[in-house]
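Below is the structure I would like to discuss, written out as structure tokens.
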Amino acid sequence: MKRIMSYKIAVCVKQVPDPEFFSKVKLDPKSGTIIRTGIPSIVNPLDRHALEMALDFKDKYGAVVTVISMGPPQAVEALQVALAMGADEAYLLSDRVFAGADSLLTAEILAKGIKELGGFDLVFCGNIAVDGSTGQVPAQVAEYLGCPHITHVSEIELKDGKLEIKATRDFGYTVYEAQFPLTIGVNKYSQAPRNMTVSGIMRAVEYKMNILTSEKVKIAAKNALEGSPTRVLGMEEVKGGRKGLILTDEPKEAVKKAVERLVKLGAV
Amino acid sequence: MDFAESRGVQMLRELCREFAEKEILPHIEELKHGSEFPYHVTKRYGDLGLIGLTVAKKYGGNMMGHVAAMAATEELAYHYPTLGTHLRGYRLVPQVLEHGTEEQRQRWMPKLMSGEWMGSLATTEPQGGSAPGTCMTTCRREGDYYILNGRKVMITRGGDSQLVLISAREGDKIHCLGITKDLNGRSTGRRESMAGVSAFSPVDEIIFEDTKVPAENLIGKEGKGLGPLLDGIGAVGRAGGAGTCLGIARWAYETARKYAKERLIGGKDRLLDVNSIRYMLADMDLRVEKAKLLCFRFAWQLDQGKTAREVGREGAMAKLFASETAVYNCYKAIEIHGGYGTTEEFKIIGRLHSALDMIGAAGADNIMRNTIAQAQDRD
Amino acid sequence: MGIGAVCVFAEHAEGAVKKYSLEKINKAKELAAELGAQTAVLVCGSELEGIAETLAKTGVNKVYAFDHPELKLYQPQAYADLIADWARKEKPEIMWFSSSNIAVELASRVAAKLETGLTAHCIGLELAEVEGKKIVSHSLPGWGGNFVVKIVCPEKRPQMATVSAGISSPAEISDKATAAVVWAPVEIQPEQLKIKAVKNVYDDKKSDGLETAERIVAGGWGMRSSGSLEMIESLAKLLKAEIGGTRPLVDCNWIEETRMIGVSGKTVSPKLFISVGASGQPHYTTGFAKSGVILSITDDPKAPIFDMCDIGIVGDARRVLPELIAGLETVL
């Protein structure tokens, strides 16, 4: 199939704490953001699906794939993984001014960064981040970009210059037809995200990372924390709950006691 | 001296971890008990670029380097020992082929790099042990062919590899020849069923009965066959073996530590807080660090361009110590796990088996001691 | 309408209002009473007479129906434009949406259009006094322990939220309609259909089963070391239970997304819930906190899940599950 066009695709990726270490994560009571020091980070799993969708689109129809991340300097690591998987370019939006952004501010910053880079035909985002994020960013980025959106997308195909999209619903899925440009929130893509390769890794570590600060990406507010419409009022410990029978015996003994109790509680 | 691991190597470890966890471990039982060799696994090594870690770019590799390869081998072996063995084996033949002709490399390298083909090295013989110099497989030149007679034993994946590099003797000359699978007169004999480090990496006997090998399969010069083979064995072979042992040793330590952390005695005290356990773990940790330093120092020297011969002593130290550490740490891990140490579900016995397999492999431990002693003699 | 109403965007399917929408309507009435405010329900679709009538009987003050053939299927641009335009005109104080795929997306876009705050996946809604004003305090599952985080939107309006199922009991449908139904004028321009829904495809294999199941066995990230979900499947088969799990298992393709339990997945309340190999992060536990009896098996003695279960076994699932299966066989 002759590739006449080369589409410009942006993929937003986020660096999140590794779910394996979730139990060690603490919340900062003032900003409501997560304290991540000392906890290994990974690329948000759904962002990898988003990137795979973009790279698959590139393989099929021809595209240049740019990954963008908003985060602290450490987020460069996530961008490097994306480059090693096959992304062409990478940009980090990083500035102290961006800290403490809620989803609306995050969307504003990402959208302004995207505009600064000249806009794209397609913007992919992972639908939701594992660190308990809101799932709101894709639709809100689209609003700031002034382009249509669709989320929970599991498949995308190009047919006669138009996009054919499957969006997951609780009854199955809805088929959409769309034009460019479009912002897409990606659910689990039908194809597993590809691995990094050794040559990808070598390219990623040589790549001169592009950093965009608030100089190029100006937000309306003084800083993101103050500009965010929502804020944390406080944290409250959940009291009561259930006082359970916790068994630390050897499996055979523990199970014996557990089954006894299950029968007593009428659960079996 | 900068001992920090580069970002590239960190990412490479991540690549290996994902490959092992997502593609191999979920299918481990099928792979172990499959009736056919899983060639698709070799292909994946090729796809990911692992085979090309220590192969020059002009030959289709990526030359990320020996330090990178050491980390990859360790990481793969950590997740499953045989994965380290595979990486070592796939990288071995390309290294020997650097002594070959351009024509041979054009013929064989692309397939080896992509993982479409597997390579093996066959020097070990029933009477001669692994020392290539005592080779008793004979060959004689007849026109455009060499005719081979003899047996090679304990050849990792010898039966399934598409290209086997062997040593063969013509009078007092030793040649290195490339044997492809299709040659008449070559057959696979006894297959050792080994679990451990040879899981889905069977160890075979190869029998030559008047096998006709095309003369253009001669690697290096006539009578100069040992050099190329020893070069491969002493560099990629040795480093691969050391890295595999290092991975096993680290696994044993981390597994024991995790167990001790979670195991409660009497429902409240952690096993980890018992002094004797703490000291054992400290010891195991220290040994892994020592092995690491020896292994990566050797790899670094290879990256500086040293030949296998030049750093024979350092390579021997790395392999010997890593091998001993693997066995020791597995043994201590069993001790720390108490009664569960030898049960199948905790997997330590399997790792110990792999560690024991490695004693005689990639440079048998006692031969390594000999190498170190010989280096001392040179003073 | 007047300034300051508490509004709910209601969802419907096959001629019936969704249960979780009725729950939010009930909650809206409760908060509105405290605030002395009006309540309103918004609904979009086509041929909405039946739905509008039902909603008019839930005890709210007004029902706004956006009825148009093009709205039969969810259209991302058109729906968002209609709701946002309505909000700019009617200036509600509070707007709530559900946590369904459509609602989260719609609420997000509307919030961005109105440049206001949207709080996601709330598990609790109450009023709090902040700087002399009574505003909504949204409760979200907290991090790293048994915390609930309270989020507020002090200045921007409306205060928007997407709300998890189970926030309240469903509003009762009385015999007579007490609300006025306003049939809002709907005009849809071609540029509002640059992305256009073509058709819905219904999947029979989808499990609605989880939400009505009596027993559920769910696996967490800790199951990775087992290599497969085989043991969980055996236990579920024995108990005639449905299978669920956490997001990492979805990402590994071990379970379908529809079996994910937690704030961004399903909320369940079976008679028996068994969690295996999960530490109990609030995003997960909130999804089954209202179950009858909760049994948890995981190897970390400090796991938060042990603070919210009825029976906990500290141990390696690989060793405990076979024993549990054997033990249950004798009593079932």
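Letters A, B and C mark the chains in the order given here, with residues in each chain numbered from 1 onward.
The rule is short, and it goes like this: a contact is a pair of C-beta atoms (placed from the backbone, for glycine too) under 8 Å apart; a residue touches a chain by one contact, two chains touch by 3 or more.
Predicted, not measured: the structure shown is a model, and the values here were computed from it.
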Chain whose Cα centroid lies at the greatest distance from that of chain B: C
Geometric centre: closest chain by C-alpha means: A
Pair of chains ranked first by number of touching C-beta pairs: A-C
Interchain centroid distance [CA atoms averaged], chain A/chain C, Å: 20
Intercentroid distance (Cα basis), chain C paired with chain B, Å: 53
Gap in Å, rounded to a whole number, between the CA centres of chain B and chain A: 39
Shared interface positions of chain C, touching two or more other chains: 300-301, 314, 319
Overlap residues in chain B, where contacts from two or more other chains coincide: 22, 264
Set of chain A residues in contact with two or more other chains: 192, 248
Touching residues (chain side chain B, partner chain C) in the complex: 21-22, 25-26, 28, 262, 264, 345
Residues of chain C that touch chain A when the two form their complex: 13, 73-74, 76-77, 80, 100-102, 104-109, 111-113, 115-121, 128, 130, 137, 139-156, 194-203, 206, 208, 221, 239, 247-248, 250-251, 253, 257-258, 263-264, 271-272, 279, 281, 283, 292-296, 300-304, 306-316, 319-320, 322-324, 326-328, 330-332
Chain B residues within the chain A interface of the complex: 6-8, 11-12, 14-15, 18-19, 22, 47-50, 52-53, 62, 64, 68, 264, 267
Contacting residues of chain A [partner chain B, same complex]: 77, 80-81, 84, 192, 195-202, 204-205, 248-249
Touch list for chain A against partner chain C, complex: 19-20, 22-27, 32, 34, 45-46, 102-104, 107, 128, 130, 132-140, 142-144, 148-152, 165-179, 182, 185, 187-188, 192, 228-238, 241-242, 244-248, 251-252, 254-256, 258-259, 261-263, 265-268
